[in-house]
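Have a look at these structures, which come just after this line.
Across the two complexes that follow, subunit A remains constant while its partner is subunit B and subsequently subunit C.
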Partner chain A sequence: MEQVIANGLYLGAQYALIALGLTLIFALMNILNFAHGQLYVLGGFVTYTIYGQLELPFVVALFAAAVTLAVIGAFIERFLFRTVIKRSIREESTMLLAAGLAFFLDAVILLIFGEKQRGVPKLINGIFNWDFRLVMPYDRILIGFLAILSIVTFVLYMQYSKTGRAMRALAQDRVAAQLMGVNVERYSMIGFALGAMLAGVVGGLLVTITGVNSGIGGPISIKAFMMVMIGGAGVISGAIAGGFILGMMESVGLTVLHSYGDITYLVIFASLMVFLSIRPQGLMGKPWG
Partner chain B sequence: MTRTTKIVGTAVFLALVLVGIPAFITVSERWDLYYTLTSVALLSIASGGVWLTFYIGRINIGQGAYALMGGYVSAILVVKYGVSFWLTLPLAGLFCAAASVLIGLPILRLRGVYFAMVTLVLTEVARLLMLALPITNGAKGITNIPLPGAVKIFGLTLIPDFATLSNVRPAFYYLSVILMIVSFAVLYRLVNSRLGKLCRSLQQNEELASSIGVNISYLRIIAYVISSFLGGIGGAIFGAISQSVYPSSFTIVDSINFMLNCFLGGLGYVFGPILGTFVLYFGWDLLFETGRFQLLIFSTVLIGLILALPNGVLSLRFNKALWGSSGRE
Partner chain C sequence: MSKANVFSRRTVISAIAVALAGSMVVAGASAKELKIGFVGVTSGPAAAWGTSNVRSMKTSAAWINETGGVKIGDETYQITIVTFDDQKDPKRAIAGMEKMVQEGIHYVVGPNVDDGAAAVRPVAEKNNIMYFPYAFPKSLYQKPASNAVLGMIANYQSGPAIYKYLRDERGVKTVAFIAANESDPLSQRDGGVVAAKALGLEVVADKDTYQNDTRDFVPVLTPVLRTKPDLLVLSGVAPGNAPLLIRAARELGYTGLISTETAQDAKVLEEGAGELANGFISVGGASTPEIRSEVMEEFIERYIKMFGEYNDESNTKVYALEYIIETLKANPKAIDDVSEFKKTMETFSAPNPYMKGDAVLKYVGMTSFGQKRQVSVPMVVNEYRDGKFITLFIAEVD
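Moving on, here comes the complex of A and B:
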């Protein structure tokens, strides 16, 4: 039992961090970023190249992944999404662009990094063992801790910094924020960069545990969508809650439903649909926000 | 457009797809084109369904689920119960329509990205369900589906047995294209009827429509049912052509592609999905020569196209009519 909960918390911390980036982008610009999983993969590969190939310290690699993804995110917002939002009559056109972008990043990742599963050396060796009731490798504990630290930093940043306040204002009401003198375009770009950066950071963290391969972008995006739906789209606390709930459900499901075969995800998906039909806006979302 | 140009345009299109293209293929002996064009026709039927849900203001990324369902219903009926393919085709559509009522009732209450995300999840649910159910044969799928048999009424052969044909490709081509024409004729009629106008009111403002007395939940279900019916039929024929169906026959990528087809053709035009499917599928096929750069070039062109024409390819021609017909939200 302790093991299941610990696994759930560890998974949940990772998931919450992925969902935060997606929900931030959604809250600021009303874009459903299909390419979020691909950004995650890119972060993983940057870390792999710097930490695994060039053998520089992990901190440097993680920092590089964050910066690279932030720059890429800023470019994507500035040159792609902004243009399309300006020109199209229907807001949904951004989804088309996001899907196209997901294909594009998939292709780029495949061409540059190949299709092999890539892993890096362990950060710390050894396994934490509490009487065989709770067994967890130290590097997982470290990564889980780093993920929670990133979440806390992000929340504090959004809560107390000037940029964070501006972005929250933007998420609440774009027009009102603009009237109060918030530079909407600038903060949209920063927000997108920040969202992409979060995806890159998780990719960089998780490459040390699960490794990375070019095909996991799509499935990651879908998981992120689910977490955002559970918590409510565009709500930061919702994304965190959604991440932990999904992590816990996966951990419990894999243990309990093990004997029935490979149906954990079917059960999770099905119960999500039932949940959403009862509470369409998720746990904490505003109705039709 | 005036009435005459409409009739002339339709006649030209029909002559092209029913006579022109087969003649061209026979002369040039590019038999592979039949398969490509059949796929385009089938995919555009399913995309037409997605387009209809766009028409009521919902972003539908779940068409893959119904295509998969239709494929399986037809395959199971043909293989396990020996039902004629021609009977399973409407049955597959009806099964999907019935399923979509059950699924649609709760999820059609969702809007915007919520509906988009839930339908995306639906595609994944369908795939996992086909993997888990005992009747679908799991990951191995259903293979060796026999070709469609003959249809006879009073000894008169209406449709010959596909297995006896020397070349089955033109037969599937005609089947798919005729179905595509019928589907889009129905869609066109629907959109230009009273029901279509009501759907348009839903797209713009559901509360307002509801306050005037439009039964919005009924309309939503009707549109979604028709959409799923088309998806099911498309999937069923796909199964018959490839003579097999697997849980991975229609996945999330297919669902996203159905949506892209509609966007690319333009959401304001009934025939947008045909053009969108044609451009996307042919573009992808043409790039086959480029090997490993296929996806890169394809997606780059796609992004370029979206940047240049965010309102769809058809918006090039009807730039003025656009404001009147699709309306600004």
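Moving on, here comes the complex of A and C:
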């Protein structure tokens, strides 16, 4: 049982970090960013190139991944989403743009980084082993800790910084925020950049554990959407809760249900359908949006 | 701008167009084009499977074309590879095969997975296309089917040989299987379970599966490894998942053997699992330096020159195009008549350029399929060690 809980917490920490960026972008701009998984993959490949190939320190690689993705995120918001939002009031226009962007990034990543699974050297060797009741490699413990640290830093930033407050105001009521003098375009761009940066950071962190390959963007996005749906779209605390709930459900399901074959995700999806039919806004979302 | 200038520009453009058209006619007259198709997966999580096919084919075609083309009968042909990414979707595989029909292609490599290969069968049979899938359902290769030729060793051929070796040489008594929840890995797992039981091995886990897009395998492997198997079989594992599974198993304290019946890439294992992958057993083609010919070495060099990095899966994938071309050379009538191709398959034999010694290319499959519908590639069982594959044993399929 100790192992199952530890696995769930570790999965939950990484899932929550993945979901944070997605929910932030949704909260600020009402955009379902289907390309979030591809941004994660890009972060992984930047880290792979700098840490794995150029053999520079991991912190340099992680910083580069964060900056690169922030710049890409800002670019995407400024030249793609902002343009579409200005020209079309239909919400599906941004959804189509996001889907197109996901396919485009998939193709570009495949072209640049190739088809192979990539990995980097372990950050720390060694395994914590409590009499085989709880086995956890030290690098997983470190990455789990860094993921939680990133989540806490992000929450504090959103809570107490001027930029964070402006973004929260924007998420609560775009028009009211604008009337109060918040520069909507500027903070939308910062928010998108921050969301993309979070995807890049988690991609960079997890490349040390699970590696990265060009085809995993889509599946990562789907999981991120599941977490956001569980927690409530556009709610930061909801994304964190959704991540940990999904991580724990996976860990428990894979252990308890393993003798019945691969039904864990069937059970999770079925539970999600029932849950959403009762509470469509998710755990912490508001029914009015 | 004066009229004279316009006229002269038009004249120049016309002259260039005529010259280009003329040069194309001349080129066409010197060498005909032979189109060979590929329908398989070159994007998404399983992109490595099809990409290694396409790159092998393009490397070989470029090499042939560079040396003036291939002489089949009285004609010399330049090879053109026409590719279609089916995204591992059977519906798209059908569309891909229909595209090959429209292109007038009779010989296609792929698809890479069971459901894709089964889906394209009616299109291929109706339109006289021979295709070389990397899929294992026997019905594709047994009568009344006759257009599919298995492009590799099937798990029900390599699995028993590997398990027997590990039982006899490494003292394996108990086996656990784990597979992705997809048709290929599941059918390979079921075949492996039957083979292991037939050899008297105790199967301690045979129901554990995972989603193919799983990134963290610790929760998946935790219950499997509690059964403490001597051998953990990763049935039909994708090259991208193999290092993650190996790493998770070792980090959970598993010290037994790990094997698979699919081809893997040494670089991917090295990057993804490092020394934790030492001892991992898999199957390859002309995989190891000790059995490679100079031609194979040059193929690898050319592949790296074209695409930057070699993929060890191409040790097997290099063969399909070679078989198609050599069979056409043996019977030039087969170039647009697949019934001639089928006739030639019965007696075809040619030197295997990729292996040292007197190995030959020939069609096999009588024991497994009752007819010759499989290319003969060496069944090289490898053990990964420190970034390289070393040969454990070599066998043949009849």
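Keep this in mind: the second predicted complex is superposed on the first by the 287 of 289 C-alpha atoms of A that agree within 3 Å, B and C clash if a C-alpha of one lies under 4 Å from a C-alpha of the other, contacts with A are read in each partner's own complex, and residues count from 1 in each chain.
Going forward, a residue touches a chain if its C-beta (ideal position, glycine included) is under 8 Å from a C-beta of that chain, and two chains touch if they have at least 3 such contacts.
The shown structure was predicted, so the numbers you read here are calculated from the model rather than taken from an experiment.
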Which superposed partner A:163 touches (first subunit B, second subunit C, both, neither): neither
Contacts of A:110 with subunit B and subunit C, given as first, second, both or neither: both
Which superposed partner A:97 touches (first subunit B, second subunit C, both, neither): first
Which superposed partner A:265 touches (first subunit B, second subunit C, both, neither): both
Partner chain(s) touched by A:218 [first = subunit B, second = subunit C, both, neither]: both
Subunit B versus subunit C as contact partner of A:120, first or second or both or neither: second
Partner chain(s) touched by A:132 [first = subunit B, second = subunit C, both, neither]: second
Touching partner for A:89 - first (subunit B), second (subunit C), both, neither: first
Contact residues common to both interfaces of subunit A (with subunit B and with subunit C): 106-107, 110, 218, 261-262, 265
Residue ranges of subunit C in contact with subunit A within the complex: 42-48, 51-52, 181, 207-211, 213, 215-216, 218-220, 222-224, 239-241, 243-244, 251-253, 265, 267-268, 271-274, 308-309, 311
Touch list for subunit A against partner subunit C, complex: 3-4, 7-8, 10-11, 14, 52, 106-107, 110, 114-122, 127, 129, 132, 135, 137, 140, 206, 209-211, 213-216, 218-220, 250-251, 254-255, 258-262, 265
Residue numbers on subunit A that touch subunit B, as the complex places them: 26, 30, 32, 34, 80, 83-84, 87-93, 95-97, 99-101, 103-104, 106-108, 110-111, 218, 222, 225-226, 228-229, 233, 261-263, 265-266, 269-270, 272-274, 276-277, 280-282, 288
Touching residues on subunit B, where the partner in the complex is subunit A: 54, 59, 103, 106-107, 109-114, 116-118, 120-122, 124-125, 128-129, 131-132, 252-253, 256, 259-260, 263-264, 267, 292-293, 295-296, 298-300, 302-303, 306-307, 310-311, 322, 326, 328-329
